[in-house]
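Letters A, B, C and D mark the chains in the order given here, with residues in each chain numbered from 1 onward.
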Amino acid sequence: MFRSTPIIRWRKYQERYNLMGAKCEKCGKLHYPQPALCTCGSSKFIAHKFKGEGTLLSFTDIGSGPEAYAEHAPYCLGIIQLSEGPKITSQLSDCKLEDLKIGMQMIATFRKFYSSGEKGAIYYGTKFTPKW
Amino acid sequence: MFRSTPIIRWRKYQERYNLMGAKCEKCGKLHYPQPALCTCGSSKFIAHKFKGEGTLLSFTDIGSGPEAYAEHAPYCLGIIQLSEGPKITSQLSDCKLEDLKIGMQMIATFRKFYSSGEKGAIYYGTKFTPKW
Amino acid sequence: MKIGVIGTGLTKFGEIWDKSLRDLLAEAQLKSLEEAGISPKDIEMIFTGNMCAGALSGQLHIGAMAAENLRLNVPSTRVEGACASGALAIRAGIAAIESGAAKIVQVNGVEKMTDVSTEQVTTALMGAGDEEVEGFQGATFPALYALMARAYMQEFGLTREELAAVPVKSHKHGSMNPIAQYQKELSIDDVINASMVSDPLTLMDCSPITDGASSIILATESIAKKLNNDAVWVVGSGQASDTLALSNRDSLSEIKATRFAAEHAFKQAGITARDVHLAEVHDCFSIAELLAIEGLGLAKKGEAGKHAAAGHHYFDSKMPINTCGGLKSCGHPIGATGVKQAVEIVHQLQNRAGKRQVKKAEVGVAQNVGGTGATVVVNVFKR
Amino acid sequence: MKIGVIGTGLTKFGEIWDKSLRDLLAEAQLKSLEEAGISPKDIEMIFTGNMCAGALSGQLHIGAMAAENLRLNVPSTRVEGACASGALAIRAGIAAIESGAAKIVQVNGVEKMTDVSTEQVTTALMGAGDEEVEGFQGATFPALYALMARAYMQEFGLTREELAAVPVKSHKHGSMNPIAQYQKELSIDDVINASMVSDPLTLMDCSPITDGASSIILATESIAKKLNNDAVWVVGSGQASDTLALSNRDSLSEIKATRFAAEHAFKQAGITARDVHLAEVHDCFSIAELLAIEGLGLAKKGEAGKHAAAGHHYFDSKMPINTCGGLKSCGHPIGATGVKQAVEIVHQLQNRAGKRQVKKAEVGVAQNVGGTGATVVVNVFKR
């Protein structure tokens, strides 16, 4: 679903622009994004900004995406384990499938995602790129 | 839901263009549209074209419709009991709310419904209008 | 049947800008757990009612989301029957306990509606009707209920003023409910002179677009008695169906499925309509409240409007209806509504309803409608 | 648990241009009634699995539609858990009977997917994942399963050729199933050389877009014995949940919820994996079939690919898997799939599976997955 109003964009601003996740106040565990409950059972968190570095756990490419990404395809997608622990699903930018290898180091970069309709809002967020 | 492909339009062509319903082969009861089962329990029907005349059971107006009808509003909507028995939900064309009265006689007329996107298909169907 | 409600949780209802679908659901889930005094690990199954998250948030599979929120791997299922989704989730929870599959179940309802345009919401809500018979014709839900209202007014002589008594009473109740979307009172003139949506229904006859979530914990009788010395009991539940399209039904001026569902629920509970002390009914549009009251047998056909106009449905009168403010004033986050109705009844039966507390209430009924009456659920609660 | 399956009904699977959502559902409903030899009036409750009708046909509230098709006013509910919706409907039917609320229940699954563009279907299907974590990133289901496939290949040394054995076997089975969408055999090369969808998965690793409906009638043991002298029995049922997003799980190379659901179902049925004679598993993508087989305990972790390549999963081999052709070859009308799996197991256990008949099958298992494994249902059937 690709919202035609900017509300969702605003709500997820910190999370998506700044890789802002959460640290459990009780046990210190880090989460991205913030969950309802920590594994320790606590629901109290403080904001935690992730460094934006991690390891590529798996990757693939998408030739034909959902409607909102139609003009954006092809693009690569991967799961990165952040150096602080949590895993993140992310588009992989500035690289081709052939460049990618499980285990390689990745860093976060700020990119355009999609625009909603011809006059709609442009959505931005964090993507990951190989640390060459 | 307003389909962006013409398949649904083709499938309902007879029903919507020609008020084609069904007559139970077993008990003769008339239905619009064709149901899975007749009240008698039979699932065998033959096509039956309704005359397109009936009585207005209730009516209202819609100032702001669903997305596909946005440019089409305002319009009137009613439930008509066809002279053959079945009831039908229908847009009421060529009339204003003030013209309408429960119990008045209505006749079917062929009209444009909506177009799907700027280059999309135009959908047509039957509407009802007062028999002045 | 005797199933305990051992915990309740509600979010604020309204335009909750800073909370997502998941945030709202999680908030209600954690609240009901906290009230029940149990830990997430005590929950053996979860059922969640939701109608429109697929269309409005691109998110189906809400069952898995509800389990994830509690970090559980237990069975967790979304149930949908349009605007009756919440009460259907309660029924699924009842079946889970009655079948012996679970002893403690969490039942949730959630809807996040204010992220998108009104036209998108209108389109999504038409999924509750018959797409081919009604949706293609450009029908909307206010229009379909307006067709029922006009037919009813013609048949029974209901006046516009009598009908307006419904939202006036709802807003009076809502003004005493801290979680209600609208907490401001209305006059008859405010209702009649509001902008026309679908004649004869004005904006003040229509429930609003609302974000919100609700949650209850159900448990077997023995567990409920152990955990809660003030448990309220579900003692009857009924559900009935009718044609999706209003035009395919015999009558435009009644919701027959309410009658069928109530007959079953009342029989199971061993009560009649005379035993009912208060009811939460599905007033998505003001006419719907009158149809619900008559369908439940709390008024004779054609007479509910007169009772409304006479003030009988206020919390401190003969037959309190929608003491939470109803869908109109408390708000109508679709999937959450059916579960919120149960929460209100529970709070009333436990004497926790604050300023709008009904006196000596021991039997409460919740009636939840999908579409124009194609699905109706009636649940009976006892102190 | 011992609940009888006393009737089955399937439409053709494929691009059924001339039939609407309602037509497909009605066809399967009438077929299962006819096979059971009962009348619509014998049905006391209905549960229907559907995922995408809201997005693809603008139609929610499928429960009411199913009741209307049979001209009934009985309780009728839609259940949704993404691609596991069909098996969830079966579980709802089981709970209705086990709770004593009904003695004869109809369970349906339906999906109408070919009315809209592929992009619209892709978007709608993403409702099964996590919209905020995966959907916003432009993830698709082929891509998410490709991530699992690559991680699995790296971890266990699965080769592309071994993986291709899965759809080759599926198409062999599909070629013997008259209702299958694709009835043409494939070679390993056909799979590997097909156009790449999401590397390493090609078009021939992916289940297609399909219209179709399925239906079964469930009954109490005593009624089933009276009505059908060849009833197949549901003897165990398990369901488990996991995080919506793949990236929130511990491992990318297993579907943990399958293991949890199977443990529960097998325990309830009093069996172990060794007792299973055949299984229908959720091969939405070829990698998913291997994960399913391992999750059910029918192969050790990392070894299912070798079994597949050795041909063990053909209908006439050691451990027949997806004898109907699976989601890949029989087709995958999402909500219908889980119920269709049950139908195939029933037909096999009743010796009605024609050319693809498994010999001496007495215990069959159906595994149905929602999303990338956020919901899994395992049902066990016995002769």
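Just so it is clear, contacts are C-beta pairs under 8 Å (C-beta built on N, C-alpha and C of every residue); 3 or more make two chains touch, one makes a residue touch a chain.
In this text the structure is predicted, and so the values were computed from the model without any measurement.
The chain pair with the larger count of C-beta pairs in contact, out of A-D and B-D, is A-D. Placing every chain at the mean of its C-alpha atoms, the farthest one from subunit D is found to be B. In this assembly, the C-alpha centroid of subunit B lies 31 Å from the C-alpha centroid of subunit C. Centre-to-centre separation between subunit B and subunit D, using Cα means, comes to 37 Å.
For the pair subunit A and subunit B, the distance between mean C-alpha positions equals 48 Å. In subunit B, the residues that reach two or more other chains under the touch definition are 1-2, 12.
Within subunit C, contacts with two or more other chains are made by residues 20, 22, 54-55, 57-59, 68, 120, 123, 126-127, 131-132, 135, 248.
Considering their complex, residues 20, 22, 51-55, 57-61, 63-65, 67-68, 72-82, 88, 91-92, 94-96, 98-101, 123-124, 126-132, 135, 239-244, 248, 256-257, 260, 370-371, 374-375 of subunit C touch subunit D.
Residues of subunit A touching subunit D in their complex: 1-2, 12, 16, 33, 57-70, 72, 75, 77-79, 87-91, 97, 102, 113-114, 123, 125. On the subunit D side of its complex with subunit A, the touching residues are 118-120, 122-123, 126-127, 131-140, 142-143, 146-148, 150-151, 154, 196-201, 245-248, 252. Contacts from subunit B toward subunit D in the complex involve residues 1-5, 7-8, 10-12, 35-37, 39, 41, 43. The part of subunit D that touches subunit B in the complex is made up of residues 17-20, 22, 26, 29-30, 39-40, 55-59, 68-71, 114-117, 120.
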